[in-house]
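After this come two complexes, each holding chain A, first together with chain B and then together with chain C.
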Partner chain A sequence: MVLEDTSYIFEGGNIYFLEGKNGAGKTTLGKIIMGLLEPNSGSLLFDEEDAAKIKPADRAKKIGYIFQNPALQIFAPTVYDELAFPYEIMGLMDESIREKIEESLKKFNLLEAKDRSPLTMSYGEMQRLALAGISLRDVEFLILDEPSSALDDDGRKFLVSFLKDFSSNGGGIILISHDEDTLSNIENIKELRLDDKKIISIEKSGKY
Partner chain B sequence: MKIDPRVKLIYILLLTSLAILAKDIIYISTIVLVSIVVNICLKTDIIKAIKRISFYVSFIIFITLVQSMAVKGGTPLIYIGTFVFVSTTGIIFAVEFLLRMLVIILSGIIATSTDGREMADGMQKMGIPYEFVFMSGIALRFFPIFSDEFRARLNAITMRGINIKKLPFRKKIKLYVYLLAPTISGCILRSEQLAVSIEARGFRALEHRTMFRELKMRPIDWVVLVIGLVLAGGFLFCNYYIGSFVAIA
Partner chain C sequence: MLIVKDLTLKYGEKTIFENLSFKLEKGQILAIKGKNGSGKTSLCLIVAGLLKNEENTQISGDVFYDGKNVYGLTVFEKCIEVGLVFQNPDNQIFSPLVIEEIVFAPENLAIVREEMERRLENTLRLCGIEHLKSKKTSELSGGEKQLLALAGVLSMQPKLLIVDEITSRIDFENKEKVRRVLSDYAKMGNSVIMVTHSEKDLVLADKLLIIGDKNN
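Here is the complex of A and B:
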């Protein structure tokens, strides 16, 4: 059991840093929110709507999720295809989407790699590609599982600025991480600890 | 009932070979029955086998249609003019296929009733080189990894807002083709890592391996083995000297 006798509200416009010991259930909580795992009991609400009635694919239209292992969520033959395939599969590809993809490739420093196979990329590059994929969609919330684990210094700086941008536009973010150093560069981040089957809020003002 | 893994391996070999050699539906049914009895004696999860066979229902229907159209003979049941869609021959072949699959699944379940390491010891005692035994053990362990990885990638697609169930058939196929390459390359990568890890631990560093467990055939193992061999001999005699019970015209 991940949580017991606990309620918590995640609100848009905030960045939540969810930490906890290995095996505390941070990733499990993320997967439950996304509908990849079913809760044994209790309820999960999205804007007062019972999440049990919302299919995972529909939840994903509002919430972007990045796996702990980005290699598992990348599969297209090229970097460009990786960004384009959801739109092609769903028959939504048009000129505006193509432009968005090009912009995203530039923004995430992947333009030169656009014809490369993602399978030949480093973990850090895969994390950037996964983020680029999410940034194309107009999601309201992000759940990022260890997003900085394979990033170099530049990648981490980029991640922080991306998170700040997303949050300032009203998006909510749950960061599942152990990387306090990187996340300490984000102001007004809400630190939560998953401990003893409870979500404990750790109040800190400004940078911590 | 605890039986030596070598006896189980011989039973698996006998059941699967006889299911292929069986001349008609009556003989195959006999093998299915024996497989069920063996599984009951070994207290295995036989319900699992029945559930697994349900995956083959659409395949069975396909085989019925193909056999009915391709093989002449039998009584046409559904036909337009001279073109037969379903015939008794087609149904008999399809049921034979279903029963053979059931024997293979039941035999597989016999194998799972023994710990993998014990089964590997048994194979080695039967003269199969350790390298091959080890490889087959590792290969079996890769199946759940392969399936977990594939499931994780399906989840990743769902997390891109794509409802796979709602996709048209052609696009679904394209999606699965997309998934295949990284899943296979992921498995190759893991097997490379595993190979390095095994080498680092000194695999085959010494010529002679010593075994912690010693397999010994007990009287009950010999009795079960002799019963199996006698039944197999009797089965082959009937199969080749008495002949078919079901005639396909």
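Here is the complex of A and C:
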């Protein structure tokens, strides 16, 4: 049993930092919310609508997810193709989207790598690419599983600023992380701990 | 002692780093920092003798352990000289069970059974994963896999231990444990190379190498 009879309300505009021992179920919880895993019982509601009645494609329009191992979600032959894929597949590619992708490449310091195969990228570069990918989609919520574990100093500063912008525009973020340096630079985070199969809210620990 | 001399790495036309030189004495910890894509992981692979000259990979320069060129060592010699914990533990964990993952190397190095069992118990305890002893590796979380990968490498007792972002996914309690393990391992007379972006990890280091823009 990983999670048991636990409830929590995540609201837009907040950054939730979810901590807990290795193996406590943080990634599992993230995957359940994303729809990648089914719970044995209980319910998930998005704006009071039962998640079970929402098609996976529609859920993906609301929530962006970054895997702990970004290589699991990157599959296109080039960096540019990775960012262009959702628009190509939905027949939405046009000049304004191309400009949006170029902007994103610049913003995430991936412009020089745009024609490279993601397979030739370092782990940290792949993390940046995964972030760039979800930032292009107008999602309401982000679930980020160890998004900074391999980022360099510049990448971490950028991630912090990206998270602040996202939440100040009303987006909600669930951040699963053990990165002390990044966490200490994010203000007003809501600290949650997964302990003994339950989500527990922690009063400001003062650690971050 | 580890000596790296005039090491240059190119992938195709792109120079990753050039004329990199440093030494690491026994008992010392070297931390390596640098921008993403600057070649930190590639450097670890070269020092471990795992990256070779191929069609799109050009390596020049030398890496010596105690006077021996790393590329002249046999697989057996490499295993007892150097251990590498990969940045992504999924790339190195292959046994179905936790116990099998840890004893695989000692078993194949023909270590006697009693010593193998002692190393198994010792590394499980050192890495704080005794409770995972009977689990399948497929059931482990990312942080648990990082700890297992470390345990597996420590079971070989390499003289040079290389860890690539080892604390990145480990919970806060175990981070401190792992830092103590690395520090104690060096105090035992071994050398440790640690790729990290963590300020708290950097505190352990005797030396710091920053790689970036081909200048080091």
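As a convention for this text, the second predicted complex is superposed on the first by the 205 of 208 C-alpha atoms of A that agree within 3 Å, B and C clash if a C-alpha of one lies under 4 Å from a C-alpha of the other, contacts with A are read in each partner's own complex, and residues count from 1 in each chain.
Criterion: a contact is a pair of C-beta atoms (placed from the backbone, for glycine too) under 8 Å apart; a residue touches a chain by one contact, two chains touch by 3 or more.
No experiment lies behind these values; they were computed from the predicted model shown.
Novice: In the overlaid three-chain picture, which partner chain does A:Ala57 touch, first (chain B) or second (chain C), both, or neither?
Specialist: After superposition on chain A, A:Ala57 lies in contact with chain B alone.
Novice: I'd like to know which partner A:Tyr8 touches here: chain B for first, chain C for second, both or neither.
Specialist: In the superposition, A:Tyr8 contacts neither chain B nor chain C.
Novice: Under the stated touch criterion, which partner chain does A:Met121 make contact with: chain B (first), chain C (second), both, or neither?
Specialist: second
Novice: Once the shared chain is lined up, is A:His178 touching chain B (first), chain C (second), both, or neither of them?
Specialist: Second partner only.
Novice: Check whether A:Ala71 is in contact with chain B, with chain C, with both or with neither, and answer first, second, both or neither.
Specialist: both
Novice: For chain A, what residues appear in both contact lists, the one with chain B and the one with chain C?
Specialist: Residues common to the chain A contacts of chain C and of chain B are 71, listed in rising order.
Novice: Inside the complex, what are the residues of chain A that reach chain C?
Specialist: So the residues of chain A in touch with chain C come to 19-24, 26-27, 68-69, 71, 120-125, 128, 146, 149-156, 178-181.
Novice: In their shared complex, at which residues does chain A touch chain B?
Specialist: Listed in rising order, the residues are 34, 36, 55-58, 60-61, 64-65, 67, 71-77, 85-86, 89-90, 119, 133, 137.
Novice: Which positions of chain B touch chain A when the two form their complex?
Specialist: Residues in contact with chain A: 149, 152-153, 155-164, 167, 171, 174-175, 178-179, 181-182, 185-186.
Novice: List the residues on chain C that touch chain A in their complex, please.
Specialist: 11, 33-37, 40-41, 87-88, 90, 132, 140-144, 147, 165, 167-175, 197-200
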